[in-house]
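Consider the two complexes below, in which chain A is the common component and chain B and chain C are the respective partners.
Moving on to the complex of A and B:
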């Protein structure tokens, strides 16, 4: 256990824990767009910056991304100084220049009093902030179907050669965890389309309700040793089946003399 | 000594008190759709089976989770979902052969029975003791 000072309050934390986890546990509101517990910290969005200092630093300070900075004994942390708020305002200002029509960015910027960007807007704006959360989650799940391509102004998230990604299974983890809802998908009928590839959705054998994609079920049964017939029913039908089979056992145990 | 959650379907009257108890414990507004336990009629007259997570020994939900969000709680003997790690890919919902890994569309979370941290509220409320939580010799 180590002891750190957060906004003047002594807080105990586990060794090796990242600062952002401690701040979140202390219910301190730190904005962060690219953070997810499932993946390694990345430090892309720069919004979780905090000010750190130590007694022996003689008044010197440093600004670090709290998601990437491990706690250490004797750290003194400030989370909402004038400098930090100014810094976050600048970052959000730049985000607004890149993504002017994104509601999530607009809301966050409005919280910090930035209503309009002071920079020149990009010519062809989209919702992507290039935080790389989708590619990191895809890597963590073991698919690595998408990644960041090109450099500089042309950098974007795309499947290999911008064709339909062969490794994608259509699990939607990238789209559902995107902080700005940039990744679009469509579920029309029994077809799901994401990243330009079409997937067939499995249907419940009894009620016809849609479950996961066929490719995802095949991946799970092949790599995670789950019988393929588990995916024939959805959760509601599975519960009914369970009630039926457990009911049979209950009836049998009632009829058989003890 | 380990404690297990024991379901005795013969004693169940289908009063759905457990469903209400579960909803009020885990969700603020107590909507029955948020429940993790479902007393269903299994096709036999007057026989209700409370369908709830059985905390399997080799669970399909843990095997199917690609980000290791479901872990075994040594103290309570329950498999719990860390909702911060969960990426909502719905693999566990599709994989559970008992249908006890559920998706809450309102909170946008995957939920399952976690035995209320070692003291299941539904067992306290069950009027006929069809649901019990007691120590068993292993």
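Moving on to the complex of A and C:
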């Protein structure tokens, strides 16, 4: 265990754990749009930046992304200095220029007093904030069906060559974890469509409820050693537990509409 | 043939030296990319063809040597007649017959191929007397234009791999690192971090695997330093990497080269294959207990892959995106193992330091900035090309002595150093010594060594716009400040260039720039606003002229300029009328022409064709 000072308060933390986890545990309100406990920290949104210093640094300070900064003994952390608030304001202002109609961004920006962007709005705005959660979660699930394509301002999330992704199994890990509901899918009858690809949904043998896609079930029984008959049952608590133990991926907060 | 001991290497070197000296006369044809584009291969072919037809005393086709880049690409194709050192520029295949007849058979100098000094119009005969070369101090470029890059024998003949042999036989890894640290060699890729310190940190990380990577992903617009070295002297790069590998305990090395450098890839591949054949790469190198192999990783041309962490991801086959470096790549780099990543030029300096000693190296340059630096001098200077000067040389010496001053004697306006991440420096900074610290202090940076000279016809707002445009399209797009921030900066510069800017925009840009510098994930974003900030700092008047007076003083920004025919100078030759694609110019033969401003698209085609300077831009 190590001791750090956060906004003047002494706090104990595990050595090497990321600073953001400590801040969250201490109930300090730090915005972070690209962070998810199921995947490796990414450092793309830059909203979780904090100011750090040490006694021996002689007044020299550094701004770091707390989601990526490993805690070490003696760190002195400030989370809401004027500079940091200004930085977060600027970042949210820039976000608003890209995603002017996205409620999640509007709310967060409003918290920081940014009601409208002061920059030029992009011509054809959408809700994607390019946090990369979907691609990282897809990687972690073991599919890598989608990825960030293009560079710079033209970056977007897409399947290979923007065709129906051959590696996708329709598990919805990307869509359900998209913080702005940008990734769309439809479940019509026995068919699920996502990323332009159609999947067949399985049905619970007893209740007749729809469960997961055939491809996902096949993948799980083959690679995660889950018996095929597991998928014949739609036992909600069992399913959730198994999904979480498989790498804490699926947070089934928003359920698939039946 | 495998070389099994340092002694055998020494014998070979002596033998190859003799072979190299057996030609009484030699012809060196520069076959760097610039000269090849100008037709150097045709020159070599013409020599072969000519010599197959006629017999020349003491001269065969073997004495025609293809070397790497001489640096003076502008004057290519270059041909040097040795041992006299006669220097011929802009040679054409049809001239070869004459050159063989006069210069080789009769030792005559052909006046018309000699280089004309643009300063005084005098012809210069000998290679070392050309001011472009005489003011240089060549260490990293020592073998360029002297040896054939694809022949390992030539490299061994100029004491190649002698430093490696010295290191393997007489030094311990710690001694090597001490020597490099003592030499104060700083990373030539732009960061300027002490190479010795980097190696020491890497060596001290306990791990079974260490890696050495050479960064040859040179993506700055207008820069070709690393390219020329990799093409013209690949063995020096390999030797530097081997010494580094020995020092840090690495067994595997990678050279990351842009795929846009096909010649560099070919030459490096050949060099690696030759080394493997000669036992200089592989197991038990020179019979010592040291094994090392090198592989080439080809980059797909992303500028951001020059950034260390993005480069390492790219080598590992992932998407080239930077990561936060709170844990340095020296400790956790390629495949999460301790990794030394140095620039091509840094590695090339290593064998020289080992051979001549750290004290010798430290005497060159200025304190804390020892050695030399290679620059690609381009833009509006008379002599463009690849140059190497001692650190601390002033900008004025580089631009006026080596570069020969500004084209057409126009006034100097600024120089952009350090590529898109660097800044523009004005005339008042001409006497600034060029070294890592001075440039950073002045608001620019060394970078990898691009140097773009600008005259009074360059609009600084437009320059900032150009570099921002480059960075917007080359940013990886991972983090918000760089992706969105630079995009907005670019939009604001466009607004000013179009004459719609306000003074508030300057403030807004400055403020946003500060946040981008603080907030970005990697060096690309952190230094991205540099071109903008430095131009605002030194050329604020020009920004204000665009905003307040709606004028572009340099006559570049289309929305803010008008083209007008000066009736007194116009002879009515119809040339501009023919050239104008928009039919905006009207007039009769031998009568002054008129430009219709509503139709004029301000493309400048009329100015280019007017022989009487009768079209003014205001």
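Here are a few things to note about the model shown:
The working rule: the second predicted complex is superposed on the first by the 235 of 258 C-alpha atoms of A that agree within 3 Å, B and C clash if a C-alpha of one lies under 4 Å from a C-alpha of the other, contacts with A are read in each partner's own complex, and residues count from 1 in each chain.
Operating definition for what follows: contacts are C-beta pairs under 8 Å (C-beta built on N, C-alpha and C of every residue); 3 or more make two chains touch, one makes a residue touch a chain.
The structure presented is a predicted model; accordingly, all values stated were derived computationally and were not measured.
Once chain A of one complex is fitted onto chain A of the other, the partner contacts of A:137 are limited to chain B, with no touch recorded for chain C. Of the two partner chains placed by the overlay, only chain B lies in contact with A:224; chain C stays clear of it.
Taking chain A as the reference, the larger set of touched residues comes from B, when chain B and chain C are compared. Contacts of A:205 after superposition on the shared chain: neither chain B nor chain C is touched. Touch criterion met: A:90 reaches chain C, while chain B stays clear of it. Of the two partner chains placed around the shared chain by superposition, chain B is the only one that A:37 touches, whereas chain C remains out of contact. In the superposition on chain A, A:216 contacts chain B only, with no contact to chain C.
In the superposed model, A:176 lies in contact with chain B only, and not with chain C.
No residue of chain A contacts both chain B in one complex and chain C in the other. Chain C contributes residues 302, 304, 319, 323-324, 326-327, 471-481, 483-488, 491, 508, 511-512, 515, 518-521 to its touches with chain A in the complex.
Residues 36-38, 137, 140-142, 171-173, 176-177, 202, 211-212, 216-217, 220, 224-226, 230-231, 233-251, 253-254 of chain A touch chain B in their complex.
Taken together, the chain B residues at the contact with chain A in this complex read 7, 9-10, 38, 40-44, 47-49, 51, 60, 63-64, 66-67, 69, 82, 84-91, 93-103. Against chain C, the residues of chain A that register as touching in their complex are 42-46, 49, 63-65, 68-70, 83, 86-87, 90-91, 94-95, 97-98, 118-120, 130, 132, 147-148, 150-155.
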